[in-house]
Amino acid sequence: MARKLRMGMIGGGTGSFIGDVHRKASSIDGMIELVCGAFSSSAEKSKASGKALYLPEDRCYGSFEEMILKEKELPEGDRMDFVSIVTPNHMHFAPAKLALEHGFHVVCDKPMTLTLDETMELETSVQKSGKIFALTHNYTGYAMVKQARAMVAKGDLGKIRKIQVQYLQGWLSTAVEQTGQKQASWRVDPAKSGIGGALGDIGTHAANLAEYITGLDIEELAADLGTFGEGRVLDDDGNLLLRMNNGAKGTMSISQIALGEENNLAIKVYGEKGSLEWQQENPNQLITHWLEDPVKVFTPNGNNLYEEALVVSRIPAGHPEGYLEAFATIYKNFATHVMAILNNETIEKPDYPTVKEGVRGMQFIYAAVESDKNNAAWVKI
Amino acid sequence: MARKLRMGMIGGGTGSFIGDVHRKASSIDGMIELVCGAFSSSAEKSKASGKALYLPEDRCYGSFEEMILKEKELPEGDRMDFVSIVTPNHMHFAPAKLALEHGFHVVCDKPMTLTLDETMELETSVQKSGKIFALTHNYTGYAMVKQARAMVAKGDLGKIRKIQVQYLQGWLSTAVEQTGQKQASWRVDPAKSGIGGALGDIGTHAANLAEYITGLDIEELAADLGTFGEGRVLDDDGNLLLRMNNGAKGTMSISQIALGEENNLAIKVYGEKGSLEWQQENPNQLITHWLEDPVKVFTPNGNNLYEEALVVSRIPAGHPEGYLEAFATIYKNFATHVMAILNNETIEKPDYPTVKEGVRGMQFIYAAVESDKNNAAWVKI
Amino acid sequence: MARKLRMGMIGGGTGSFIGDVHRKASSIDGMIELVCGAFSSSAEKSKASGKALYLPEDRCYGSFEEMILKEKELPEGDRMDFVSIVTPNHMHFAPAKLALEHGFHVVCDKPMTLTLDETMELETSVQKSGKIFALTHNYTGYAMVKQARAMVAKGDLGKIRKIQVQYLQGWLSTAVEQTGQKQASWRVDPAKSGIGGALGDIGTHAANLAEYITGLDIEELAADLGTFGEGRVLDDDGNLLLRMNNGAKGTMSISQIALGEENNLAIKVYGEKGSLEWQQENPNQLITHWLEDPVKVFTPNGNNLYEEALVVSRIPAGHPEGYLEAFATIYKNFATHVMAILNNETIEKPDYPTVKEGVRGMQFIYAAVESDKNNAAWVKI
Amino acid sequence: MARKLRMGMIGGGTGSFIGDVHRKASSIDGMIELVCGAFSSSAEKSKASGKALYLPEDRCYGSFEEMILKEKELPEGDRMDFVSIVTPNHMHFAPAKLALEHGFHVVCDKPMTLTLDETMELETSVQKSGKIFALTHNYTGYAMVKQARAMVAKGDLGKIRKIQVQYLQGWLSTAVEQTGQKQASWRVDPAKSGIGGALGDIGTHAANLAEYITGLDIEELAADLGTFGEGRVLDDDGNLLLRMNNGAKGTMSISQIALGEENNLAIKVYGEKGSLEWQQENPNQLITHWLEDPVKVFTPNGNNLYEEALVVSRIPAGHPEGYLEAFATIYKNFATHVMAILNNETIEKPDYPTVKEGVRGMQFIYAAVESDKNNAAWVKI
């Protein structure tokens, strides 16, 4: 490629949390430039946001429809290559579908859509379009998560027997949604969030991480959800039993009312020959245990790593990479794939979450809600 | 008291793990001396064990019955004051009952007995005897566990919403019971262990710790047990959902096949105003989180502790106390109570686990096994 | 500003470690774009590097002189705004001086120059030029370092009594410079590195961090340097005593032969009322101790932070920021200053390291080398 | 042996910190019983202390002279076997010498005596007496310290190049000695402490630990001592440069005014092939680094330990042992030696600190004080 990829953003106006994250993450590796955006459903706000991002006024659109249609008409040399959708859940489906139908690749925040029906329809859209679709399960971008996945895949841990996964936050411990906090407001609103609260927002990450690292599927689950925040209708807490498709068992604990927890996504995987543990808040170490050896701690660009971990580390050992870099790895791998397509090259096993992970995530949400309604009965995914 | 208390031990012959722990723990605070023992069902082995402990030969008995009866006949000035029962589970009931009936106080390892029936009968024995009975849920002896309990009791954390408790070990990851490992052999044998494997051995500790710290009861549970070790019949792994009697929810994860885990008993408790976490392998810190304050870490004899934690710390801050010291605290509080009785004094709220905790522990085991048989259906304790 | 700042890079061709870091760091906050470069002293390599960065061929120059002169001639609307110098130490002075003389602001890697003479001359150049000069003591960009500095400045810790600072690496434990490792080769070569080895490469960071956090000056030092690597002439290890200008005392330990250490920059500061500790490899927590309170741990965007820490955190608490983000903060604050100048605005106390810190760094190196030559006699800075 | 060893204690009356520690530590392994004591220079207080320890009144003496002389006259079957001296420094020499002269073995707290002259004289006494003398450098009793020493001795780390050792406390941050705090009062008084304050109290531990683990001698040192507490005459802080007898270099930092530090004795040792780090406050892990392998963490009774570490671990992996257990190991190894002597057996390389370590400790104090008086000039030990 003789140029960077051109990104158009949908959502993520000034003050947005995740839009800013996507912008920073997509810029780190120097492969992508933001060229246009429909940052808000208000044309005025969209333009103001674009201006603050140094975009030309005529590339700041008042709606995603306008952006997709107008960009489509631009000369190939100017036109955006893909859209990045960073809106609340209920605004994922329509822009993603439209973009695909107009020949644009898509990066989309998770969960994939508002409803499972939309998800299934979008899956079809992706297949029809021939375009690629990346879902930002960003935590799989960490080097030590790659190392963990590789260790399991290569059989280092032996057959997996037990999994503990948790994603704990405390920021909804009080009724912040009643204070006008924008991040909270839409997340507790079923019309914007879907049938899952914490389930969709963080539970899908936990489920995805467990499946990504172990290479196993959650076969069935039993979910006991909680709604502790006054006036809420969606779950803000959940305790789950898991059964994997190889006979392994486990627990999942998710919460947004776990007071004091910041962003505590963590996993432990126990096999017949070894085990591992990883925590997102301390992402640059992977602790492993062995039948005969002492505890071994792996670090990015440290000794004895698999290639899968080495390729995603940007800087020498001891120089911590964080959330944005892991997020950037999703964009980097997506961009590498898009560039290959533009160059008429093929890529073996592109490593980023796709529509397949999106479908599993929505199925996870639906299964958990159904289980909870039946007093934590087992439900197959 | 003008003298130390005199202890007679049942079980715990040479090579025993837990017998040695009880002896060391009971000696630390200088209130108790070992004066006799029925260390083995073989009179010869019992005498050999006693000799290695510098006991006179005539105080080393060939059976617990012999010990109880003969000691009973000794002059009051020589006779043991209490028995310490450190045998496998199936050998708790008979000696405890006999000791109580002959007027001896009892310290007994957990779980209380082999069956729930025995437990209920022993509860009656204790009540009839007027003697005191301490169950060595030793982990409640840690200073930071005392601090945790006091913080919850005083309302510092507000209403409790969520609990995560785990007790993870990996020493049964392979079939060590087939190698003649004595600790393993009886633990996987229902005739000696009862209906619970990991449930009885470590699950009861986890349940006890959760109830001790929160002051709540586990009201109902759903248990998905696992038996991963080849040829085993008892659970060596378990994943549980918990519902507490105040509406709080939680998970419990226990395992003896969590490869690499040593003795990882840990708990997190989340309330409306604060939260806390504690780990047995790093027992000298209590991490707390707050709505408005930064994370606060408490240490034994450090700043801002409650009296409940201060009284059990033996040495200055920064001088780590460990497993034996926590265990010793159970003995110390028990001994203090016995001395008070001997001095015709009364004690307000003696702080050690009693027959009440023993009953709850057995009920926990039975509820979990029943739930597991019904595909993890909810069972009330 | 209606546009991003335009950066020209000197050094940092393909395969460079620190050039890539500067590029990534400067892009994160979306305020700066790379528009040209003299990436190598070989015109061919420079063009190849530029191409890989998607730069137009005519902005890839064969020398820094060419770049500075040609860019100067470009219309203001195209011309670069500042240069970023990411070459080995011996190539800092000439391009920095030339850039300043031609009206370009400068970002320069540390230490400032090859010799103290050059440093003093460059200081004069900066003053004459009226341009701004940022030295990338990047570790001061971490949020928790800002918090630490603010806490000391506001008197929270009381008068500072004791400092421990260390910067430990192990990557020169073996003679990697003899294997053609590019990073190592120039660092052990006095012609490229100057009179200090580890002193210049990492010791200056340690000294800068200590002075930045405490607001104190190292008044005098006693240095016992080591050269452990076979065939080396420069120090690869150093142990120093420090005396600060307020009477505080301390130690500094630096090493590049501390086998197994990755990038272990760490500091402890003890005052009369409180103390703090921070580690670069775990940068998202600041541990503090107090006379009457328990240990308090601060985290980025967590509770109770000072504004100084809040303004540099980009993402919510628990989403770790790392080395690149801290580095980016230097660029961000520099860019904010440049933009203000371009907008004819003024900025109160711009917060990035300048030529002043560059001078102190070189004085530190010279003092330490002199002390070492005199068997670790005290030398004033 | 058919009986426990009989210990007589000098000092350590009610309320004493270190006397209580010695009693608890000596009792843990069931090899030693306290039979008599001169707990205080007041006969009345001595008797009261003895009574609280359940000792018969006639074995509670009013002075150490009385105890040694009267015990000497008791029949061999009753007489104490050794004395344990737990008084302030100025009261070590006289009782130790008298005990040795009357045929008693001696355990003595550190530093060995008040002055170097006394130390040299006591060394002679020990040699003349044929009795054994143990100095309680208790920190060498930790299992992970034994493992560290064994790893260095076996060459696992290769030639040692660099050492960092520190012993940091904060309890003298304020003038607690003016509040009547007994522990503080004598420690800041040269008449009772000797010429070193923190140097003698904790610096000797740090020096001993460094030499014990590395098997090297501190050949020379440069010391910059501090006296921060108002009204103090002895050092309460010190920063030292170290040169070992194999060419390794290092730093030592000690303090009792390092506010917030509890009992932070820690060491790092870097060799040509590996490195290790250990912290007393988290004593149950030994972190090691290697040229080619990932970080390995060793734990007591965990995988891959040397026999030297295994033999001192009392309980299974994951059951933390602490300060008292490490202290107990000194007593246990001392008692094992005494029992061997009583049984006319010999022991190969008894593993506890002796008069040799006592001499080096006093020489360390004197060298550091001399260096400090000469503005941190190098002084040979």
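Note that the chains are named A, B, C and D in the order they appear, and that numbering of residues resets to 1 at the start of each chain.
What we mean here is this: a contact is a pair of C-beta atoms (placed from the backbone, for glycine too) under 8 Å apart; a residue touches a chain by one contact, two chains touch by 3 or more.
Keep in mind it's a predicted model, so treat the numbers as computed, not measured.
Asks: Taking each chain's centre as the mean of its Cα atoms, which chain lies farthest from chain C?
Replies: With centres defined by C-alpha atoms, farthest from chain C sits B.
Asks: Among A-B, A-D or B-D, whose interface repeats B-C's (more than half the contact pairs identical)?
Replies: More than half of its contact pairs match B-C, so it is A-D.
Asks: Regarding the chain A and chain B pair, does the interface count as same (over half of residue numbers shared) or different (under half shared)?
Replies: same
Asks: From the C-alpha centre of chain A to that of chain C, how far is it in Å?
Replies: Computed from C-alpha means, the inter-chain centre distance equals 34 Å.
Asks: Taking the mean of the CA coordinates per chain, how far is chain C from chain D in Å?
Replies: Computed value for the inter-centroid distance: 44 Å.
Asks: Identify all positions of chain D at which a residue touches two or more other chains, and write them in rising order.
Replies: Expected reply: 261, 290-291, 295, 299, 302.
Asks: Which positions of chain A touch chain D when the two form their complex?
Replies: 290-299, 302-304
Asks: What residues on chain B touch chain D, complex-wise?
Replies: Checking each residue of chain B against chain D gives 1-4, 17, 20-21, 23-24, 27-30, 34, 51, 53-54, 169, 171, 261-264, 280-284, 299, 302, 314-325.
Asks: Can you list the chain B residues touching chain A in their complex?
Replies: 161-162, 164, 166, 170, 173-174, 222, 224, 226, 228, 237, 239-243, 249-251, 253, 255, 257-261, 268, 270-275, 288-291, 295, 375-376, 378
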